[in-house]
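Quick one: the structure is below, questions incoming.
Per-chain numbering from 1; labels A, B and C assigned in written order.
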Amino acid sequence: MGDIGKYLGDAGTRAALLDMLLDHVYLSLVPLAVSVVLAIVLGLLCHRFRRVNATLIGLSNVVYTVPSLALFAIIPAVIGTQVLDPLNVIIALTVYTTALLVRPVAEALAAVPAHVTAAATAMGFRPLRRFLTVELPLSVPVLAAGVRVGSVSNISLVSVGALIGTGGLGTLFTDGFRQRYLAPIIVGIVLTLVLALVVDLLLVLLRDRLTPWTRAGERL
Amino acid sequence: MIEFRDVTKRFDDGTTAVNGLDLVVEAGTITVFVGPSGCGKTTSLRMVNRMVDPTSGTVLVDGRDVLGVDPPALRRGIGYVIQQAGLFPHRTVLDNVATVPLLTGWTRRKARQRAAELLELVGLPAELGRRYPVQLSGGQQQRVGVARALAADPPVLLMDEPFSAVDPVVREGLQDELLRLQAELDKTIVFVTHDIDEAIRIGDKVAVMRTGGVLAQYAPPAELLTRPADDFVAGFVGKDRGYRSLSFVDSAGVEVARAPTVAEGAERGSSSDWRLVVDADDRPRGWVAPDSTVVPGGSLYEVGASLRGALDAALSSPSGLGVAVDADGRVAGVVTARQVLDVIESRRG
Amino acid sequence: MIFADAFAWLVDPVNWSGGKSIPVRIGVHLLYCLGAVLGAALIAVPLGLYVGHTGRGGVVLVGGSNALRALPTLGLVTFLYLVAGGGTTGVLIGLVVLAVPPILAGAYAGVQDVDRGVVDAARGMGMTGAQRLWQVEVPNALPLLVGGLRNATLQVVATASVAAYVGIETLGRPLLDGLRVLDYGQFVGGAILIALLAVVLDVVLAGVGRLVVPAGLRLSAVTPSAQVGAARSSRAQPRRRGEPAPAESGGSTA
């Protein structure tokens, strides 16, 4: 414990930690935001077209078997970025998170009761408006569950990027390991956990703001 | 015999499901618990096999307090049928039916043999036994549910809305099947439904319960229709209860008149009266109107059946003449609505 | 270009013999994965079944399992290495922690998702708690349970490469070596091997799933309520019922 106190006592260390934390937030949450949008678009395609559904679900299962470290490696070969470019991590995590979210989105859309969409159509909603104002909001609880898993796993995954030089808080693990020094590793684990917890709480709050009807029954 | 003695059930959230229920279910009868949702009918049923335990009061089966019996042992001696059947999706139909015999230690061979007999008893072909529940229609699943409940030959059968998830036509078939089985097996059956028509159709006695778990009336169906205890019961049994109560009065005393008939395919000639078309076996086929057009007939009733059947036959017939048939479906004669009403009036006096 | 280098590395005979050859590393990789998944299953399956069966502690279970997911595997592995003074235990514990949440989710959701009517019927027929668990709940939970094991295996196979960082000769070695000396052929070659291993194991486990999941449940994945003929002839599954939706049991793949 004294070690940790000493480690954190240094102003330079604290400034570096803040940088790494912000880096970590950037590397994990940008892919999350991008993949939510992508997953909604792809999920809608899955929902509307059967063949797209089979293809995309199959593809997302395959993507999920590729280790992230391998994906970090293959992306430069495919799109021509530098091997140590942080963009690789962002793209890799976007691919994973999208793969993770497509199926729940498609299933949530499919689970919207037919009588609800029929009623919306009968009232004169055009397809796009119906999707945005009826089907999508009703899918939020399922989508939110997927996003929560995605955020937790992204936050823990970014650390692996440290092995290729872009890891946010993960850098603390490689530094600590090289110096045989526990303090940064412990600080890194704790900060990762706290970050995951805080983001999860924010997501829960956001979900509850977006879906007031899910708790309406409880007050009765 | 099943007896409820001042039974009350209050749930943890403070709602009272059953409030001071006193009721005796006679052995060898079908007793129906009926009422709106929240009236405690299902809770009452589930207290018999200890799926729910009462907050106070006693439930006795054959004079024995159920609270003194180990729940699994108690339940193995009581058949249990629920809505949607609750069949085990991972077991074949035959193994589903064999469940309780296997639990009570029968050999697999003996249990399956018994299960096959039961499938036949409930009117399912033997080859269905090899299928899985998901491969059956809703009505078939419900029959399997009944067979499964009967497997260990329990004296008591609890049925919780067993037929409410199937369509009306299939439901009527299942009700008839239950009455046929009961005539053969003579079980003590407690049957829960929210459908008053179903209750009146199959119950020897009907317990009408109201929201809050209070027994409103416990009586045979005919009495329920003719002498409802209060406005709640009257409202619940429905507006046409007077007409429906005729189901429980036989039509002896309604004299049938000879029917004016004409053979099917024969030269019709002309007549100013309606004439009944009959086939070679004397079965009714329809009516010939005075203008010689052929019109489909109304409902038929069997001689001696209920007054409701006789009256309906007259009211639904295009000629105003209700057709009575014998047990083989041959024309026995015709009646008018006036005749039926006269009989009703004379019985009242 | 890089893929050609990777192919050259993969077929180079030098890499197929000796103590640090590809087969040895595949063996080590598999050994750690097997140990981790087995260890995690020993913890998570009984716990998931218990909580699913009794219905008690579900909230704690879900919360705890989410917290486990947030633990960064690399941090855990390096931490345990320094504390224990060696790699093996640390890596195994790190991988077990990684594998527990998906298995837990599969076992718990599997039991929890069994039709209430089916469980009610089992109780009403006089099954004891243990009989209900083993004769009804576990067989019906198998599709999700096997799905949880598959997810856990995928993640562990992918993440075991991290173990190379603390000196264990898994398939992560060529990745890290390739990165250090900027030999992308070796780097990508190692990545391809790990991906292949993950796919092969997933296919094997899918096969196991087919063997252990009762036929009545496989049929229900095809047609919820259909004609027998149709259900028999078509084994195609519109949705992979053998897996929980990733939203419930997915997680990190390193």
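By our rule, contacts are C-beta pairs under 8 Å (C-beta built on N, C-alpha and C of every residue); 3 or more make two chains touch, one makes a residue touch a chain.
Just so you know, these numbers come straight off a predicted model, no measurement behind them.
Think of the whole protein's Cα atoms as having one middle point; the chain whose own Cα middle lies nearest to it is C. Centroid analysis (C-alpha atoms only) places B farthest from chain C.
For the pair chain A and chain C, the distance between C-alpha centroids works out to 20 Å. We define each chain's centre as the mean of its Cα atoms; on that basis chain A and chain B are separated by 57 Å. Mean C-alpha positions place chain B and chain C at a centre distance of 52 Å. Contact with two or more other chains is made by no residue of chain C. Touching chain C in their complex are the following residues of chain B: 49, 51, 71-77, 80, 82-92, 99-100, 103, 131-135, 137-138, 145, 148-149, 158. On chain C, the positions that touch chain A within their shared complex are 1-3, 66-67, 69-76, 78-79, 81-83, 154, 157-159, 161-162, 165-166, 172, 175-176, 179, 182, 184, 187-188, 190-192, 194-195, 198-199, 202, 240, 245-248, 250-254.
Per the touch definition, chain A reaches chain C in the complex via residues 57, 61-62, 64-71, 73-74, 76-77, 83, 96, 99-101, 103-104, 107, 142, 145-146, 148-150, 152-153, 155-157, 159-160, 162-164, 169-170, 172-174, 176-177, 180, 182, 185-186, 188-189, 192-193, 196-197, 200. On chain C, the positions that touch chain B within their shared complex are 115, 117-118, 120-128, 131, 136, 139-140, 214-217, 219-220, 223-228, 231-232.
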